[in-house]
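Going in written order, the chains are labelled A, B, C, D, E and F, and every chain counts its residues from 1.
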Amino acid sequence: MSYIAMTTGFILILIGFYGALTNRNILRMIIAFTVANTGVNLVLVAVGYMRGRTAPILDAAVPVTEAAARIIDPIPQALVLTAIVIGVGVTALMLAFVYKLYATRGSLDISNYTELKW
Amino acid sequence: MVDWLIHLAALFAGVAFLLALTRFIKGPSAADRVVAFDVLTIISITGIVLAALTEGRGIYLDVALVYALLSFLGVIVVARYLEGGF
Amino acid sequence: METSDKAESGAHNQVILFTTLFLFWIMLNGTLAADTLLIGALASLSIALLLPNGLSFFTELQDTPQALVAGVRYYGYFFKELVRSNIKLTAIVLTRDLPIQPGIVKVRTKLKSRMGRLMLANSITLTPGTLTVELDGEWLYVHWVTVESTDIDAATAKIVSGFERYLEVMYG
Amino acid sequence: MTDLMTTMSLLLAATTIGAALMAIWGKRSLPIAILAAGLVSLLASVQFLLLAAPDVAMTEAAIGSGLTTFLFFFVLGRVRGGSND
Amino acid sequence: MIKRLVVLLLLAGIGAIFMSLLLGYTPDNELNLTARYYAEHTAQDIGAANIVTAIIVTYRGLDTLGEVTVLFLTAAIVGLVLAQGRQQNSQRSQRKLPESGELLQTGSLLLTPLILLLGVYVFVNGHLTPGGGFQGGAILASAILLMLLTDPMRHFSHRLISVLESISGLIFITIGVLGIIYAGGFLDNRILPTGSLGQLFSAGVIPIIYSFIGLKVGAEFSSMLVNLSETEGS
Amino acid sequence: MTMLLDIIGGLLLVAGTAFLLFGGLGLVRMPDVFNRIQAGTKATTLGTLLTLAGATCLQPAWGVKLLLIGLFLLFTNPLSSQVLARAAHRSGAGKSEKTSIDRLEEDQRKKP
């Protein structure tokens, strides 16, 4: 199962990069970035998965004494949690700039913004 | 017996998922796709309940509550967008 | 006079809202431990104070025994209709040439309370072949999969009155 | 029982990739692309749950699929009416 | 066309790297050393049932502090960027917006308190169930979003949101510093007794920290949403 | 006894997912947005409620939380459908040719 999720994650990253590099509309580029972001998270969580084990939360189903033998690796999960929250922060920032660009220039096409091109 | 029934239920849910996905891919207008999105979210709730049953972990159900909220808010956001409400 | 009345009903509403939220909290946690109840009371109280005009399921519910009986019978009727609507839908979907004749009809409701109207609209949406599209004053616009009658009174009798009978007693 | 989970995971993987292709394919309108991106997040979230990571699943559902999509629609409501794409 | 070819070549290269990563990956059968330490010691040391929460709040509490700071900066920058546009045309043109309808208004009044309470549940129980401050904060912000959708012209007090945000941040830091004084170090959770596993009042100070993180994150997301919704449509 | 409860629970699960299946079929077959919303809402509400009831039979300890999910869905699902139907009507979604009457459009045209 970790192979399935990992392959999906890698393919999502590739799809996201392709979309971000070929689309000319800024909003579409941001959408492609979120897709790639999801793919990275999927790969990271898949690395921590172990077959036949369960979630790292101790309760009646997983007593403390058996914890080390029953749970999966909690560290990638903690990292991905952080990554998702930062991801939405970055997306919000990009969207705010898109709004600003549109308000000043009235266009979403990246090829109209040539000031920084060289 | 029960395992077999759970498998059958999962099969039905999977077919329903694929049908709703067909509508999501085809559906001519944005409203059609939102309906399909809503149905997909709710089928995912069923999927979560089935996963919780097979794993025997009741804590997964908290995620299902968040999904119910998500399906509601997602539809309302798109509906208000279609109306031009914000 | 009127303002004090309003303030009183506002406080009354907040008490009801607090009770509902507290009940919701207990159901969420699934325990009756003292610490859980303490935190829950605190959270419910602050939310009830923060949203003074929030509604709850029990707001505007009449506190008469008839209302209780009507509530029980309403839910019985509601689930019966829900199952019936699904069976009807299944029958339509499985028929090859889709025997539908959709249309949007206009019906009238007598209900005045906000919760009653919301419940009515929700019930109509979940019952055989009907979907509330718009609620405007006393008029409800209902999408009907198989239009049986376009006359306002006849459609009202078919769609609305079954639920209205109970909801009128429950919410007034 | 694990074979059931594996089958669900495979189905989710295939549909996730399909939805991702829909999200970046430039010929569809923007609201549909955003909805498809939201669907990618949603399916990934179920995948996280199957990978025994309920914390991550909840975060992805509430933040990745929920808030991000809503922010996109807010901005889209602001910028529409200009260049049509 | 050349550009698309270059892109495809680049993606093929990245894909080859991914392929080799995938082929070289062998799943572990045992937890590695760090994970084993967390799995064995969390219950006694921290007292939190959810090991992910224990890692986020205590073992790697500084990461979370940084994360919250990044989020704060993001919200501040979004507010700044969007506020510039508002000053230029300060007379706020009353856009004609369609009413949201009675059903949505009643439903919003009914559901907003419940959604807020769900958010509170998620972050208060962060150490017992999946969930925690970030998820709970997002759910709180969803309730604000529902209010905004019901009445787009509704005015939210920016000052209230920012005061809530700063106070929550301050309390978070204060608790962290108290950890240096009364326990082993910065953000050590053992200022309060760790209690017994599975109770709401357990895991020392984790529920308190996560509650304030939840309020802070909720306030930050809400300020982003409110700022975006107060901009002019063009 | 528990055996009986288990089998009832399993049958409820299958019945619920079967309704979901028919709802999905309706979603594909119905001709316009409003009919699709109808098929989606009704089938998913009853289907999910039955699934939750079945899970309650299999794991009685989870009953309260499952009941809560069911109640939440029972309120939010029809509400979101109504809001969506209204938005679809306002944004002029296409109606199927079989549509015989549209009072809402007539009344809105009468208004200025």
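Assume a contact is a pair of C-beta atoms (placed from the backbone, for glycine too) under 8 Å apart; a residue touches a chain by one contact, two chains touch by 3 or more.
Everything numeric here is computed off the predicted structure, so don't read it as measured data.
Student: Moving only from a chain to one it touches, give the least number of moves from chain B to chain F.
Tutor: Contact-graph shortest path, chain B to chain F, evaluates to 1.
Student: Which chains are shared contacts of chain A and chain E?
Tutor: B, D
Student: Quick check: more C-beta contact pairs in B-E or A-B?
Tutor: B-E
Student: Just grab the chain with the largest centre-to-centre distance to chain D, centres being mean Cα coordinates.
Tutor: C
Student: With chain centres defined as C-alpha means, what is the inter-centre distance between chain C and chain D in Å?
Tutor: Measuring from centre to centre gives 32 Å for this pair.
Student: As a quick test, compute the distance in whole Å between the mean CA positions of chain D and chain F.
Tutor: A distance of 22 Å separates the two centres.
Student: Could you put a whole-Å number on the gap between the CA centroids of chain B and chain D?
Tutor: Whole-Å distance between the two chain centres: 12.
Student: Two or more other chains in contact with one residue: find those residues in chain A.
Tutor: Touching at least two other chains: 2, 7, 18, 22, 49, 51, 54-57, 59, 77, 81, 84-85, 92, 95, 99, 102, 106.
Student: Name the residues of chain E that each touch 2 or more other chains.
Tutor: 50, 52, 98, 101, 103-104, 107, 110-111, 114, 118, 122, 129-131, 134-135, 139, 142, 145, 224, 228-229, 231-232, 234
Student: Touching at least two other chains at once: which residues of chain B meet that condition?
Tutor: Residue numbers touching two or more other chains: 6, 10, 17-18, 34, 55-60, 62-63, 65-66, 69, 72-73, 76-78, 80, 83-84, 86.
Student: Can you name every chain pair that touches?
Tutor: So the chains that touch one another pair up as A-B, A-D, A-E, B-D, B-E, B-F, C-E, C-F, D-E, E-F.
Student: Provide the residue numbers of chain D that touch chain E in the complex, in ascending order.
Tutor: Result: residues 54-55, 57-59, 62-63, 66-67, 70-71, 74-75, 77-79, 81-82 of chain D touch chain E.
Student: Report the residues of chain B in contact with chain F in the complex, numbered from low to high.
Tutor: 1-2, 4-6, 8-10, 12-13, 15-20, 22-23, 27-29, 31-32, 34-36, 38-39, 42-43, 45-46, 49-50, 52-53, 56, 58, 61-62, 64-65, 68-69, 71-72, 75-76, 78-80, 82-84
Student: Any idea which chain E residues touch chain F in the complex?
Tutor: 98, 101, 103-104, 107, 110-111, 114
Student: In the complex, go through chain E and note every residue touching chain A.
Tutor: 3-4, 7-8, 10-11, 14-15, 18, 21-22, 25, 27-29, 31-32, 34-36, 38-40, 42-43, 49-52, 55-56, 60, 63-64, 67, 70-71, 74-75, 77-78, 81-82, 84-85, 128-130, 134, 197-198, 217, 224, 228, 231-232, 234
Student: Please name which positions on chain B make contact with chain E in the complex.
Tutor: Residues 59-60, 62-63, 65-66, 69, 72-73, 76-77, 80, 83-86.
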